[in-house]
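Below are structures written as structure tokens.
Two complexes follow with subunit A in common, the first pairing it with subunit B and the second with subunit C.
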Partner chain A sequence: MVQLDLHAKPGKDYYLSIGLEGSANKLGVGIIRHPLGNLTPTNKAEVLANIRDTYITPPGEGFLPRDTARHHRNWVVRLIKRALHESGIRGTQVDVICFTQGPGMGAPLQSVVVAARTLSQMWEIPLVGVNHCVGHIEMGREITDSQNPVVLYVSGGNTQVIAYSRQRYRIFGETLDIAIGNCLDRFARTLKISNNPSPGYNIEQLAKKGKNFVDLPYTVKGMDLSMSGILEYIDNLANDLFKGKKNKILMASSGQITVEDLCFSLQESLFAMLVEITERAMAHVNSNQVLIVGGVGSNVRLQEMMAIMVKDRNGSIYATDERFCIDNGIMIAHAGLLAYRMGQVTELKGSVCSQRFRTDEVFVEWRD
Partner chain B sequence: MSDFNHTLAFSVPFETARQAQIAQRALDPDPILKPSELSVEYSTEDTFLKIDFKGRSDRVIRVAANNVLENLKTVVECMDEFEGQKDVCI
Partner chain C sequence: MPATRDLIPYAEYSSPDLSKKLTVDATLTHSTNGKTTGPSDHVLGAGAVDNDKPSEAKSSRLGALRGMLTTLQDDVNEFLTQRMKDADAAHTRAEEEADLERRVLDDGVDEDDED
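So, the complex of A and B:
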């Protein structure tokens, strides 16, 4: 059993952690409280504040690093202030300030860590840099009480199937090119649909109205997958549709294929690929639990398709809602606090953020 | 680096020497993306944060200086809001 309380402050029966997340277009600040002792279903972490502000671009446009960084700079101090206010805590109670150290977009990451460094020095509270993917995994485990699941991490920047083994989260399969969320976001841009609250959400709503399935390329490569070809293919179909070009593929028995049908088909194809590699990972590691994390994980259709597969294997599926699925500060606070409780801290000099920071680089000291 | 013949120097006043040092240490860790074209050095003198840019062209200096000022705004805003507030419910 791992000892999580070797660094507890005397006379205090809890830990408090502030987490700052800004690796993509969401800026999040979270405050979490851990009771002493190992975290169990009866001794759970408590969310004291979880605030997010999303940088939303006009339809047809993605978010660029510079503009996103400007958004984060604009809001980060105000968001920290609001989180502190909502939680009702004082700085003196805080054990650690956590920030996303990567992976993600360089400029947004950097704009947030500056605030973390300043606050850490002023209040003399140690810093812990957190791997964004590990943040998602640990928060998912804590919220759902899943013990040792195969993790499907699907978001705008990442697509990975992960399983835990010997203090590492090991990547069993991943995308070879673009992330699934990126594929959906970019298709949303082609359709010029709203990015509010998120492009993926709006595709999901359109897909619900789709009736005809259009065959798309199916590109599972062993345990990995590729999505750029599918995106190009469906982008071309959508452009033909908008220009009114004749295309056999766009004719269904019931009439013309619609934008809704395309959204439906894209989701079905992509999610089927995810389910396939997740199932194979489950067989490999002999697990019957699946945990879905990351922004795309809030897609109900993906959860539904995964549930069908998991049910066939007599297993269980765990997913969280948008508060914890979509990028947030609380997951950074949580994962960072776990590392802090093992005695890990990040010195100022070592607090440089990195766009590339693989999930399996992190030493998961807090698990057996 | 003798061909760094463009320079720019900032001297930013703070209320206390400690504030200037905090600002220095908040900005200092991030590496320069193109060290062959630019160098940025931070130091403190009493209550002043000194930032020295040396670069190959005024263009690279302008970009870097803009970026430093943006970050500095976050640092100063953070100090404005949170300095001395550690034991207060915000």
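So, the complex of A and C:
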């Protein structure tokens, strides 16, 4: 059994942690409270504040590092103040300051770590650098009480099927090129639909109105998948549709294929691929639990499709809502606090961020 | 604001051929909206509305420091951008000179232009 309280402060029966997240276009600040003792369904972590602000670009545009970093720089202090106010604690009361160390976009990561370092020096509180993916996994486990699930991590920058083994989150399968969220976001740009609240959400709403399925390439490669070819293919179909070019793929028995049909078909194809590799990972590791994390995990259709597969295997599916699925500060506060409770801290000179930081590089000391 | 002027930032640059100290005139008023720290031209061109402006500087010690830092950041950005442009220009000139030398040494025969 792992001892989580070897570094507890004498006379205090809880820990407080603040987490700063800014690896992509969301800036998040979260404050979490852990009671002493191992976290169980009856001894749970408590979310004191979880605030997010998203950098939103005009339709048809992605988010660029420079402008995203500027958004984070200009909002981070205001968000930290709001989070402290909401949680009703003073900054100097926290045990640890956690920040996303990677993976992610360089400039946004850099601008948030500067805030974390400043707080650490101002309040004389240690820093802990957190792997973004591990943050998602740990928060998902805590919220859903899933014990040892196969994790499907799907977001704008990452697509991985992960299972825990011997103190590492091991990657069983992943994308060979672009992430699933990136594929959906870029298709949203082709369609010039709004990026508010997120392009993926707007595709999901359009897909609900789709009736005809258009055959798209299906590109599972062993345990991995590839999505850039599918994007290219459906982008071409959409462009033909907009230009009114004749294309027999765009003709259904009930008439012309619509944008809604394309969104529906893209979701069905991509999600079917995810379900396939997740099912194979479950068979490999002999698990009957699936936990979906990451921004795309808030897609209800993905949750539905996954649930059908999991039901066939007599298993259970765990997913969280947008507060915890989409990038947030609370997951960084939570995962960082787990590491801190095992005595891990990040020295100031070791607090450099990295765009590349694989999930399996993290030593998961806090699990058996 | 007499007591607010005790925090005055500066920046130092040094390289083998140049050392420079950038300072801020603390007697002037400085804003947190810098010349070089706004949204990029690309997103403005795409019709972005800037909702992410920094908050105004308060009339406190730290507020004054924020304003001065923004001005200093502008100066550093402009200085470094100019340095990079100069380095690029020097590099291009050196290449042109090397090219001239090659043509003279090859008796004016430019192999690329043979046919």
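Keep in mind that, in the parts below, the second predicted complex is superposed on the first by the 367 of 368 C-alpha atoms of A that agree within 3 Å, B and C clash if a C-alpha of one lies under 4 Å from a C-alpha of the other, contacts with A are read in each partner's own complex, and residues count from 1 in each chain.
Operating definition for what follows: a residue touches a chain if its C-beta (ideal position, glycine included) is under 8 Å from a C-beta of that chain, and two chains touch if they have at least 3 such contacts.
The structure displayed is predicted, hence computed values, not measured ones.
A.B. asks: When the two structures are laid over each other on subunit A, do subunit B and subunit C clash or fit?
C.D. replies: clash
A.B. asks: Between subunit B and subunit C, which one contacts more residues of subunit A in the superposed model?
C.D. replies: Touched residues of subunit A are more numerous for B.
A.B. asks: In the overlay, answer first, second, both or neither for which of subunit B and subunit C A:Gln121 touches.
C.D. replies: The first partner, subunit B, only.
A.B. asks: Which partner does A:His71 contact after superposing on A: first (subunit B), second (subunit C), both, neither?
C.D. replies: Once the two structures are laid over each other on A, A:His71 reaches subunit C alone.
A.B. asks: Considering only touches as defined above, state whether A:Lys81 meets subunit B (first), subunit C (second), both or neither.
C.D. replies: It touches subunit B, and subunit C stays clear.
A.B. asks: Following superposition on chain A, which residues of subunit A contact subunit B and also contact subunit C?
C.D. replies: 70, 73
A.B. asks: Help me check something: in the complex, which residues belonging to subunit B touch subunit A?
C.D. replies: Residues 22-23, 25-31, 70-71, 73-75, 77-79, 81-83, 85-90.
A.B. asks: Give every residue of subunit A touching subunit C within the complex, in rising order.
C.D. replies: 55, 57-58, 60-61, 64, 66-67, 70-71, 73-75, 78
A.B. asks: For subunit A, which residues count as touching subunit B in their complex?
C.D. replies: 69-70, 73, 76-77, 80-81, 84-85, 88-92, 110-111, 114-115, 117-119, 121-123, 348-352
A.B. asks: For the complex, which residues does subunit C have touching subunit A?
C.D. replies: 37-40, 42-43, 46-48, 52-55
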